[in-house]
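Shown below is the structure under consideration.
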Amino acid sequence: MFLRIDKLQTELPAPKKADPNAAAALQELLGGKYGEMSTLGNYLFQSFNFRSKSKLRPFYALVAAITAEELGHVELVSHGVAMLNNGPDKEANEAGGADVSKAPFAEMQDIRLAASFMSNGGGAMPMNANGASWNMDFVTTTGNVVFDLLHNFHLECGARLHKLRVYETLSEPTGREVCGYLLVRGGVHAHAYALALKKITGADITKILPTPNIHLDRIPESRKYLAEGSHRRLYRFSPEDYREIAGVWSSDETALPNDPQGKLEVVDGPPEGGKIHDLTGMASAFTPDYAPEEMFEIATKLYKKSR
Amino acid sequence: MFLRIDKLQTELPAPKKADPNAAAALQELLGGKYGEMSTLGNYLFQSFNFRSKSKLRPFYALVAAITAEELGHVELVSHGVAMLNNGPDKEANEAGGADVSKAPFAEMQDIRLAASFMSNGGGAMPMNANGASWNMDFVTTTGNVVFDLLHNFHLECGARLHKLRVYETLSEPTGREVCGYLLVRGGVHAHAYALALKKITGADITKILPTPNIHLDRIPESRKYLAEGSHRRLYRFSPEDYREIAGVWSSDETALPNDPQGKLEVVDGPPEGGKIHDLTGMASAFTPDYAPEEMFEIATKLYKKSR
Amino acid sequence: MFLRIDKLQTELPAPKKADPNAAAALQELLGGKYGEMSTLGNYLFQSFNFRSKSKLRPFYALVAAITAEELGHVELVSHGVAMLNNGPDKEANEAGGADVSKAPFAEMQDIRLAASFMSNGGGAMPMNANGASWNMDFVTTTGNVVFDLLHNFHLECGARLHKLRVYETLSEPTGREVCGYLLVRGGVHAHAYALALKKITGADITKILPTPNIHLDRIPESRKYLAEGSHRRLYRFSPEDYREIAGVWSSDETALPNDPQGKLEVVDGPPEGGKIHDLTGMASAFTPDYAPEEMFEIATKLYKKSR
Amino acid sequence: MFLRIDKLQTELPAPKKADPNAAAALQELLGGKYGEMSTLGNYLFQSFNFRSKSKLRPFYALVAAITAEELGHVELVSHGVAMLNNGPDKEANEAGGADVSKAPFAEMQDIRLAASFMSNGGGAMPMNANGASWNMDFVTTTGNVVFDLLHNFHLECGARLHKLRVYETLSEPTGREVCGYLLVRGGVHAHAYALALKKITGADITKILPTPNIHLDRIPESRKYLAEGSHRRLYRFSPEDYREIAGVWSSDETALPNDPQGKLEVVDGPPEGGKIHDLTGMASAFTPDYAPEEMFEIATKLYKKSR
Amino acid sequence: MFLRIDKLQTELPAPKKADPNAAAALQELLGGKYGEMSTLGNYLFQSFNFRSKSKLRPFYALVAAITAEELGHVELVSHGVAMLNNGPDKEANEAGGADVSKAPFAEMQDIRLAASFMSNGGGAMPMNANGASWNMDFVTTTGNVVFDLLHNFHLECGARLHKLRVYETLSEPTGREVCGYLLVRGGVHAHAYALALKKITGADITKILPTPNIHLDRIPESRKYLAEGSHRRLYRFSPEDYREIAGVWSSDETALPNDPQGKLEVVDGPPEGGKIHDLTGMASAFTPDYAPEEMFEIATKLYKKSR
Amino acid sequence: MFLRIDKLQTELPAPKKADPNAAAALQELLGGKYGEMSTLGNYLFQSFNFRSKSKLRPFYALVAAITAEELGHVELVSHGVAMLNNGPDKEANEAGGADVSKAPFAEMQDIRLAASFMSNGGGAMPMNANGASWNMDFVTTTGNVVFDLLHNFHLECGARLHKLRVYETLSEPTGREVCGYLLVRGGVHAHAYALALKKITGADITKILPTPNIHLDRIPESRKYLAEGSHRRLYRFSPEDYREIAGVWSSDETALPNDPQGKLEVVDGPPEGGKIHDLTGMASAFTPDYAPEEMFEIATKLYKKSR
């Protein structure tokens, strides 16, 4: 079972303006082969399909707990996409009388992924930067534990490479923060899978890290997370379960050589998190609708009733 | 953010034997157009992309909270698939010396979705009963609240129809329980979206329920859930958030005419839930591996260290 | 069986100039999830697969007759796409000696859907605004009549939303006329499915209309169709059959509250229609070929022979 | 524009019993690369995109008129699929009280395309015999007339090969009749495209026919169509238009050497056609619904009103 | 550039009988995510896209040379598939007069991938065991050398797992030989990529081998290849180039601990190879055609002329 | 079996600058329906699946030998794509200290296929100009020799049309050379398949050539290849095999009427070929990595050891 908390895993700064091509770039980290839907999808199904869970509890718990964090990564990138498509939240919604007959969205014909406006009204979708759908070809779940862990290690390294490249195309703060945060967290997952493999096979695969061969202190947006030790923390993301991840991400181990040093630690609660943005609707785009005033009024009454 | 609990939303009885074609049938409810990946994917992205969240809080909260339940539905069906593919949990794993050269899995050539064995070792995948991948074509997220709610209402009705038909093909208990439980919970979601639409538009769309036109007391596996009132309960699936769903699923409303009567209620905690099955590995299928004894030993040590 | 008439359902004004990105926008209404290929595909297969046709004649006839109209919608949007890609018809074809070695189509590298030129020579294809193919994931045909009608009602509402957004990106007359016409006709279909559902279930689902919540008189290109009462007419699109649609789209019913008032009526013949544009070929694009003069001469002779 | 007639292009004998794997075989001729959706899709979009229609009228008319026939072929195969999945029409619908809890469709787990039952209730879908969707990869529309005609000639030859092989797997009459009829009609289309190419280029491509190298009199189900001269007839499928096809399919030409001899002729009206089967619903499969009696009653009233 | 030799990389025993479901199982090793089309596609595009080839010659040469071997693997599996679908070569082709009207291929409706007969006449296709197409989602080519090598190492381990499972379903000799041979050669490639990674990063990733954890002497069909030292040999598959692979697959290194010991060696020529099977046509399946006698005669004359 | 030579089939001039949209245009000729992956894929699988190889040796050899050339075409276009994405080779790699935090690739958000940078670092992929994947829908292999040859003839004509159109969009030399060369070689293949068909059926299908109707001397980049007689040569691309192609591409036949005249000839060796470009890496794009100096040093040592 899963519970939901109405917060993002970290605080995202608002975009300065709507920037659909930046949003389209960020889509690569959402629905691309090495995007968050893929890390989520792989660990989700691997955790369901995990064999001999009782005998392999620390490894099962590792995959299961990271799955929960990946859900929040999918959420974080999706919010980044929607925020970049829609621009900063506005005080008030457009008047319902916006004139649709004056081609108010003429420029939407030239954005890279035009269907993101036409079909999704600027919302995020499980697709990559070229608009191709996420699908099961991106999921590997064989039931062979060593192989699945090796796959996951490779997946996290690939995810790092893609995040770095997308980051290099972004000049506004929302998307850069998404990348900066995820680079640190993805590093934790790569490290964790490397430790799991090392404990089972003895292969010192951590020497392959970091791949690509660049330290995170080169990324200004990552530095604050390094400074607070995020790279040494694995969250359980569960009220009670998955404590056995401490068998892998153990306090006997330390941070990777090129990151700020210190012991690895398992954190019981979720991170503090950041606020969910409002994504103010735009009547002329029919979000939440063309004349939403009555809907707002109804919602206000229902809201009061619920308190 | 999302948290995870190491339990299923309900208790699933173990299968009597491995039954790959029954598992393949259940896949329709996992990755088909009207399967749980679709309800999850729609509500997940709709909740991310929801416009004017602050002004439409009860509707936003409804979609966001149901998303969390759908995650557990994906989990439940996936476990059903994996359990049916693998048969009942065994006391002990196969000896590592299983002879792979005697075509021990000859019959796997004739199961309907042979790749489920060859590639996934009997694990669930985000695909339908014909082996076609789940993909973004199954996701509608337009940012128009009335339309998205209408879509969701139609989606839940379609999901009900597919569950009924899959149920009619199943003769073993694991899959039937999956269907029986989900039919009740899906009914709740259809009812909730109908109420939301009714409150906004005034259209009495609940009269379309149930679609198909059959009462759940015809399904023996659904009756116990009806008896305990599951059809009248909407879970918040959150430690603190989404209380505003009570504006829609309110105690002023009652169960649908043909279901056991009583007031609708919002439940604060998650359901009690059922146990996660072990899915004992099979060395000859290389799950968790061919000679896993050493891996088990390592895991045992790590487990102890984590306690 | 189907018959064909060499006319469009309405007259389309010629584009002022070639505008490939406008054509690409219009593709969303052709091959997108809520485009005309989808309304066609759903009703086509639903009409084939319709159960108990004799006992449910008015509902069968409704789906079957609307299918024929949707064919003409696919045709209309396709012509819009091809016209926008190719620009206005020219008096004469280019001389065959156009120089292909001077990169005459250099700008085609930068249009959004470059393959539309390279592969289709500016022709329409069953794909959406991002170039993704139409496919069977967009077809719902369950054989359950209430559910299929509900699906169709939702589909028409979604189609309306997509048409509105595409319209808002268009500033030239061809594409705007396509949208203006289809918005009126789509409204008829949404209304018809709502009436069918209401008659079967009693649910007053017409109250959900219009979705999105905008009246068509806001669309200048729609007004003339409203003025002539197109929104109150359902065509049989058949020499003899489907008269039973009058059981649903009956003269007892009237136009929706916000549209020009009047009784609903079933029209026996097809609409008057508009001319098919010539789409003058361009030798340098090898349409109809690089040196087509001989082909034209042959065709002229064959044409004479056929008269 | 298109009109619809409530008849099939030929009379199909009822199946003796439900035979889902035979239906699945027939799907290859519906949604496969060389199936009827492909001939339809190619000619439909080629006719929309046809350049210099006025100067190339006989060739444009050929493609446009054959499109209308292909629509009827899609219909014919679809009916064949649905009939084979559902078995012979029954006098009366099942009582609404069918017991869904006794796994009444257990055998549906083992049919080749299980989703055809679970999702489509035995209805036809635009997919091939392996359940893969029809899509735009099967459409070639380049705007180059010679090339598109060459493509169409190859497409019809490929369609013939696929029909022959599917026919060889069928032992019940419905599907065999579908194949027998379509083999004759497909032969006409291959011949017509060969004549068009020959008239433009001078290449005597008719010598490649028949491909595969087998005469139709080997197919008992084709013989009656040969006997009545169907292989020499091209239908206009239009009230008034496309008379120019007589420039290509001209009375100066005769049947292919191995077919019954005689002049080619253009037929003004559509073929006489055969009846649309009722496809009696099955309450236990929720077609048209679980308890459809009330729906039948409503339909009867509406039917009377429409007369 | 590539050259072709009319031999398989090893000798395949003829099948005893046609066995389409065994052929379908083998398809997983051809077009599945971890099949030979994937190893080919990854190394082919990685070798094209390789950056700084001159400075990284040994690593470039490694990927480029293995690509050539993978082409032969695709060939080998494809022949296995076609042979299993078609059965043993026959002395003479069927008489052209085979009766197609007696449903000679009725049983083809029930094979798992029926389109393999209907569309491909028993030929291999780039698809997996469920009939899903190979596609670019299976190709990773990032230009980052360490990451691409890590991906390749994981890919070869996954390929091994899939080969083992497919092998376990096969009881006839053709398919088993395919698996036995490829397991040895795949082991070489995994070893080679591990050595490359170790030389660059220092990580002793060879300790992860073998994955799955089973020695090849458990596979009777692999033993003769082990005995002749195939597991210690890397072929250059080039008249003159790629000698630099000896920098990675060097004579300083030895076989993996559990395989027969000895030094690694680079082989200049290709392996001796085995014969290409004839795949005798079957007139009733229209392969090479229904009445091929004249074609055979023409071919004989052309053959003589070419000598 | 296949061998590989470290050369391209012809010399490609270096691009003047990086031009990602030109590279994207060239992708149509790589992974589009009528691109080189398709000609390769069709002939590769047709040659594997060829029936009665011994009796039809000249036709089998033709398909098999052309396959080897197509591999080189895939290679040639891929190099063109990668070269255009990456620009001219540089003397030295970027210093490893490139600053990734200054959005050095901001402009990559606006290229047509942004994932080509983000995921592939400028490398070629098996996809078309719209970013859609190559897949098995583009492969026809029926086992019927006449039909497969007819398909191949149509495929080569379509490939010619696509090459012409892509060429018309290109203004830099690398891509134009790719097109100029492939137009000549594609012409050879179309001619060869036409001759094969003519020899079997007697149909003079060569009269359809050239399609489109333009002579190659209009393409400056093709002229030098015409001048050296490339259009009259078919390469065996094999050390010893496929001599029987001389039965089809025989010295009794001459060049097509509009090409420079002379006899057709079979060439024993491969063409002389051109050099493989280095594709100098770019540290800031992580190709071959961010700090590759140590990797270069290791490679140099391994290179020396291999000599």
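Letters are used for the chains, namely A, B, C, D, E and F, taken in the order the chains are written, and counting of residues starts over at 1 for each.
Keep in mind that, in the parts below, a contact is a pair of C-beta atoms (placed from the backbone, for glycine too) under 8 Å apart; a residue touches a chain by one contact, two chains touch by 3 or more.
Bear in mind that the values here come from a model prediction, so they are computed numbers and not experimental data.
Student: Equivalent interface to B-D, which of E-F, B-C or B-E, with over half of contact pairs matching by residue number?
Tutor: B-E
Student: Is the C-beta contact count larger for C-D or for D-F?
Tutor: Counting C-beta pairs in contact, C-D comes out ahead.
Student: Go ahead and note the Å separation of the Cα centroids belonging to chain B and chain F.
Tutor: Distance between chain centres: 48 Å.
Student: Report the inter-chain centroid distance for chain D and chain E in whole angstrom, where each centroid is the mean of the CA atoms.
Tutor: That gives a centre separation of 39 Å.
Student: Taking each chain's centre as the mean of its CA atoms, how far is chain A from chain B in angstrom?
Tutor: Each chain's C-alpha centroid was found; their separation is 23 Å.
Student: Among the residues of chain A, pick out those that touch two or more other chains and give their numbers.
Tutor: Counting only residues that touch two or more other chains, chain A contributes 33, 112, 119, 121, 131-133, 135, 137, 142, 144, 146, 161, 211-213, 285-286, 289, 292.
Student: Which chain C residues qualify as touching chain F in the complex?
Tutor: Chain C reaches chain F through residues 99-101, 103-110, 112-115, 117-119, 121, 131-133, 284-286, 289-292.
Student: Which of the residues in chain C end up touching chain A in this complex?
Tutor: 21-22, 24-25, 28, 32-34, 112, 128-132, 161-162, 164-171, 212-214, 218-220
Student: So in the complex, which bits of chain D are touching chain F?
Tutor: Touch list, chain D to chain F: 33, 135, 137-138, 140, 142, 144, 146-147, 150-151, 153-154, 157-158, 161, 197, 201-208, 211-213.
Student: Chain F touches which residues of chain E in the complex?
Tutor: Touch list, chain E to chain F: 1-9, 31, 41, 44-46, 48-59, 64-65, 67-68, 71-72, 74-75, 78-79, 82, 86, 93, 119-127, 133-137, 139, 141-146, 199-200, 237-248, 250, 270-271, 273, 276, 278-282, 285-289, 292, 295-296, 298-307.
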